[in-house]
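Each chain gets a letter, A, B, C and D, in the order it is written, and its residues are counted from 1.
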Amino acid sequence: MSLKRALLTGSHFLNGDVACAEGAIAAGCRFFAGYPITPATEIAEHLSQRMPEFGGIYVQMEDEIASMAAIIGASYAGLKAMTATSGPGFSLMQENIGLAVMTEAPCVVVDIMRGGPSTGQPTMPGQQDVMQAKWGSHGDYGIIALSPSSVQEMFDLTIEAFNLAETYRVPTLLMGDEIVGHMWEKVVIPPPEKIRTVNRKKPNVGPDKYMAFRPDDDLVPPMACFGEGYHFHASGLTHDERGFPRTSSSEAQTKLVRRLCEKVSRNADKIKKVEEVMLEDADVGVVAYGIVARAALSAVRKAREKGIKAGLLRPITLWPFPEEQVAEMAERVKAIVVPEMNCGQLVREVERAAKETPVAFLGKLGEDPHTPMEILEAIRGNC
Amino acid sequence: MAENKKPEAERKADDIRIGVYVCHCGLNIAGSVDCEEVAKYAQALPYVVLAKDNRYTCSDQGQDIIKNDIKEQKLNRVVVASCSPRLHEPTFRKACEEAGLNKYLFEMANIREQCSWVHLYDRKGATEQAKDLVKMAVAKASRLQPADEIEVPITRKALIIGAGVAGIQAALDLAETGYKVYLVEKEPSIGGMMARIDKTFPTMDCSICILAPKMSDAGHHPNIELLTNSEVSQVKGYIGNFRVKVLKKARYVKKDCSACGECVKVCPIIAPNEFDVGLASRHGIYSPFAQAVPSTYIIDMNLCLNKEGVIVCDKCLKACERQAIDFDMKPETVDLEVGTIIVATGADVFDPSVLPNYGYGKYPNVITSLEFERLINAGGPSGGRLLRPSDLQIPKRVAFIQCVGSRSDRSGKLYCSNVCCMNTIKDALLIKEHWPETEIYVFYVDIRAYGKGFEDLYKRARKEGVVFIRGLPAEIIEDKKTHDLWLVGENTLQQELYKITAGMVILSIGLEPRKDAEAIQRLLTLSRTQDGFFMEAHPKLRPVDAATGGIFFAGCAEAPKDIKDSVTQAGAAAARAGILMAKGKVTVEAITPIYSADKCKACGLCVKVCPYNAISLDKDSKLIHVVEAACGGCGTCAAECPFGALTQSHFTDEQLLAQVDAVTELEPEKKVVAFCCNWCSYAGADFAGVSRMQYPSSARIIRTMCSGRVSPKFVERAFARGAAVVLVAGCHLGDCHYINANYQTQKRVEKLWKKMEQNGMNRERLQLLWASAAEGEKFANKIREIQSIIDKVTPQEIEKGKKVFEKALEGG
Amino acid sequence: MPERIKHPPLDEKKTEPLKAEIYLITDECKGCGYCIEFCPKKVLEESQDINARGVHPPRIVDESKCALCGFCTAVCPDFAIYVAEKSSKEDKKA
Amino acid sequence: MVEQALVHPYAKYLREPMMPHIWCPGCGNGIVLNCFVHALDELQMDLDKIVVVSGIGCIGRTAGYINTDSFHTTHGRALAFATGVKLANPELEVVVVSGDGDLFAIGGNHFIHAARRNIGVKVICANNFTYGMTGGQVGPTTPLESITTTSPYGNIEHPFNLVHLAAASGAVYVARWTNLHVRRLTQSIKKLLQKEGFGFIEVVSACPEIYGRYNKMRSGLEIMEWFKKASVVENFSDPAKAEITREKIPVGEFVDIEKFSFEKLLHEKFSQINERALSKVS
């Protein structure tokens, strides 16, 4: 199975879901488990065709709960694993996202967001799962979520998601939306040597010394896999560094849960990515992500044409939230505009970071995302 | 067939000419019955034109007399008063036929088994009873009708019970002739006693060496189906058409067993091996001996640690490569249909531990001749070395004691066991052969070396220096320290006491009937002699036939005999069975129903009670149809029919009522009218006679084929005519020779009891008895018990009975 | 059949059954009693002493009766008992 | 008679620091664990290649006790997780040891689909008729009229017949034994581990402290007595007729067939696709 046949180097005209799938392949994902759901189905369909070409596993499970469980299993068996879904399935996955967090299983979950709640609007875009991404599973934990706003990014960020997951042993979420998922655009797939892929840390001690959950300084424990002779145990129960259940020790609970959060927060600077456009002299800062960011960008340009000093801050990493960048921007701008395809989710994080700086929320639900004009209006109204 | 019976009145005296023959049977009958007087008495009975008594009516002269009389005296009915019809009815019927008289015009009075032998010390009573029995026979004879027999096919398959050398030989002979044979053996392997014996006399062949080839032939013969570890649990049907159930006990090892023995190595259970009489050990899973057939191993579930379906120990399971072990194996019942049965169940050996004076079981160095066979056998526990159990040394002096368990009332076995003398001589020579220095003493009563080559062997033994002393030791005393033995007794030739020491004493034990002989007897409704071995149909003329048709004997089941005789008899039994099956059909007695359509109300009761479904009701014609071939001949339909539309040929209402009337003509208040079924209770009564069990002479037995034939009106008639007691006797429920006909008997008797009670009669006067052919004692006791009832019955009660049942006097 | 069986078989010496050594890890025992109840040779019984878990562990009545079937080892839910052949005693330990 | 410092012959299969296990006196789970390691011992399998997966519940702790790679999943998901493991690395012998509630209530859907796919995962289910760890609630196998903390008036839900369910769902090996049948269970587990595809063994298991307490069988011995009285070995009889009742517990092997496993078919597909691709290239 040479990567050559796996990696389709060159320029392609693809839709976002397919680009995501190809990104996964490029990142070295060799296991996909999923369940059909609009608007993420194309990812599964494409991988069901592509994976077997180079010995990758595609399996359609009985539901999203099983899909999530299966990729954790595959991950522990040593493969890079991914699943893809949309809101309703994402809800079902929360249980085992928690398990992935607790057992520190590297894996990628793609959520192509649609209109909720419940079954909602399967074929319509949305950004309503952003908070669920952070808080969806019970208990405290750190997690990583990326937000692509183009088909090319669907490719690039999927690779990035795998690299982060493998680096930090954290389930990493790719929070696309229906438009990015279904939109067709040019995608450039680089040659292999141009693609950076990361693999999980392996233990540097023998089975006798190995402790499955003893972290290095980066708070990430090296990961042995099933069948390598380490005879280790992993559990959804609170456990000690050996992985053995410690169900009634507050010491173990504190130590473990703290680490699970700090593993992400302490490495946030290495994880976080934002795109900043014309912010240096901006009076009005727009914070937008996903497909909305593209309308926002043209709104900012139009504003400049009209002499309004506007700028854009696009969090590529939704979680951990790029707090410092927003705060630093807030000190310079007079006002912040936050357009989202929901009733106000990420705006809360922006407000927290913005301190006194006024934040205007521009929410939208249903078929179309914001038009540049709408956002421009908002910019005008806040300068 | 329609009944052409004429009312009494219409019969002209000269129509019916009866000849009566009273047999002395040497002194067997004449000893306690005044035969001349009985003959005189018979002479006076109606239709009797001549009555004679002679010593042996069954002898050829006896039969010739009958034949001549039939021709010259124009006899058209014959009555013989002698032994049981189960023994000689066929003989006399044949004689009649040869003289041109239809055999159904012959009748028998059983004045031996049921009279002379059971009243040995009551000549008067016996004689009176004999007269009655003759009168009854005559009464029936005067109403007999000629009949033709129909033929039924014979299943061309044989069942052989017991797979010792006799059973194996019989099986091979029949199989070679081309018949399918089922060979049933209750032990895990075939081979029987002979497999355990070291050498055979007089030829000194290695026993197993000559038997083993036969065993494996039997095991591989395409016509022989081995059923080992199995027992016959049920036999129904009749000659040519037996339906047999065989219980195959679970072996817990499947046929896949390659007899590699790996399982034995790991089995933690160790127990004495029965085959070696406990001289050697075996494991919980084992093969009884090297040459066993089938070689498939077996698990002794009594010893195995795995009980109640819980496998605690799986060592053998794991050791068995072929995975042949199956602890879930269940016993199964195999259904067979056979035409003939050969009983080759063999004999047990006498257990000398009941003789305290010989100390068997107490003194280690006192062993039995069977144990000796294992000891001297090269394949045995001591590798053929004559080791004495106490110190495993070879004794310098050995003593044999003869007739242990034989020819002695003390041990209860009066007969000679036939093989022990020669066996001891053989054993003595074997010892001399291996250890010439050994001194050998044989204590005997008589030395019986009657067979071919026997005397030479005896002489050789004497020449070799074996010392024969006449007179058995009175006692054996053990030297506590050396475990040597002192034999004390009287030399009856020199008339001097002896006290001889020996290192080892071998008790030459006799043979006795199998413990389960009675079970076999009941299953097959056989007879046994007083000593408990199975009784042949005729000791001289039919030595391998059983009284029950289609059943034959081979080997020690019939009497103790050596290997040669067993094999000979096996061949004979096979030949006899073969003859039957070669014919392919057998005539069934003309004892099927007689139907008079005019009386039939098509109520269908007969259809319900027929055990053979031989009767069907045709709704349209309102008539019934009888399939005679299917009819078993129990006659319960005749007993059931409320309208007298059915009766049984040769056991017609008229004939049976005539017998009742005959009994009750004189002093009925002193008699018991007993109805006995041919197969069990009548045979039981015969067995009581054979065993010389003494009981009162009040019984007057009327034989029916089945107790189910006993119609309530017979009983009522007896009471109506003043009988003191009526006895209805049949096979045990479930053992009925006619499947289930005797359940009808029970129903009918219970009805009668109710009627009696309702009318204030003492129900004790009607007795119901279930007695098998083996239960002579039970029968005798019943008669004794009944006697006490008779003694109590008051004239008023007799009158009462007469009144209650007076209706029964009509008809007949 | 005559009661020869009163005397031991001649090959008694040769066919001596294997000797067993029964090992009780008493403090692991939770006192379910399975080993006692299901021992086909009734080699064990409940002891009077109380172990670390506060239950009565089994005690050996007669080790010589043990047939080495090993059911106690197999049925013990707590890995608190095992048997071995006497000979191989040493290497079973420690 | 040596008393202390003894090492049980199976100790090497268990995680010393995790012993003693949490199970109650007389709990059948210990016997299931015992039989499982007994089978491993007899098969002399490469422990490096064994992965034990369990769900939630008393028996779910097994994963933590066996000294191989092991994973203790969320409630009911053991089979879904195991499917991922087996597909990702078919070399591994993946065994799911879990309970009736975990496998057939919350995990019921995963069970039937795993069986349908014939994924090469081996399932050993300890069926104790109740939810022991949560204090004895009614479950998918609780017999009718049984008393539990949530069926105080007697259970009115018809229980699953697990062997029938497994057979109907397509398992290639299906057996049922009780805690009393340790020998046959051990042999059965050996067979299970050597089968290709999805196999299932139900172990009717004693829960004296919880199920027994509420149903007049207060000690393990009493429950074992019930197993002894009621068990009937009916190998390869119709699993549909193998319902468990108070009077009768049909045990034995019910299914033993050959069928290509999911992973095998998948890898066959791979080679087909490869050949096609190669032929295109040349």
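FYI, a contact is a pair of C-beta atoms (placed from the backbone, for glycine too) under 8 Å apart; a residue touches a chain by one contact, two chains touch by 3 or more.
In this text the structure is predicted, and so the values were computed from the model without any measurement.
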item: Chain with minimal offset from the mean of all protein Cα atoms; value: D
item: Where subunit A and subunit C are represented by their mean Cα positions, the distance between them in whole Å; value: 62
item: Gap in Å, rounded to a whole number, between the CA centres of subunit D and subunit C; value: 30
item: Separation of subunit A from subunit D, taking each centre as the mean of its C-alpha atoms, in whole Å; value: 37
item: Subunit A and subunit B: spacing of chain centres that average the CA atoms, whole Å; value: 96
item: Multi-chain contact sites of subunit B, meaning residues that touch two or more partners; value: 310, 312-313
item: Multi-partner residues of subunit A (each touching 2 or more other chains); value: none
item: Contacts with two or more other chains, residues of subunit D listed in rising order; value: 180, 183, 186
item: All touching chain pairs, where touch follows the definition stated at the start; value: A-D, B-C, B-D, C-D
item: Interfacial residue positions of subunit A with respect to subunit D in the complex; value: 5, 30-31, 33, 52-53, 55, 57, 59, 61-63, 65-67, 69-79, 81, 95-96, 98-99, 103, 226-237, 242, 244-245
item: Of subunit D, residues touching subunit B in the complex; value: 180-181, 183-184, 186-187, 228, 231-233, 235, 252
item: List of subunit D residues in touch with subunit C within their complex; value: 1-11, 14, 19-21, 23-31, 33-35, 38, 179-180, 182-183, 186, 219-221, 224
item: Of all residues in subunit C, those that touch subunit B in their complex; value: 1-7, 9-12, 15, 17-18, 38-41, 67-71
item: Of all residues in subunit C, those that touch subunit D in their complex; value: 21-28, 30-34, 37-38, 55, 60, 63, 71, 73-80, 82, 92-94
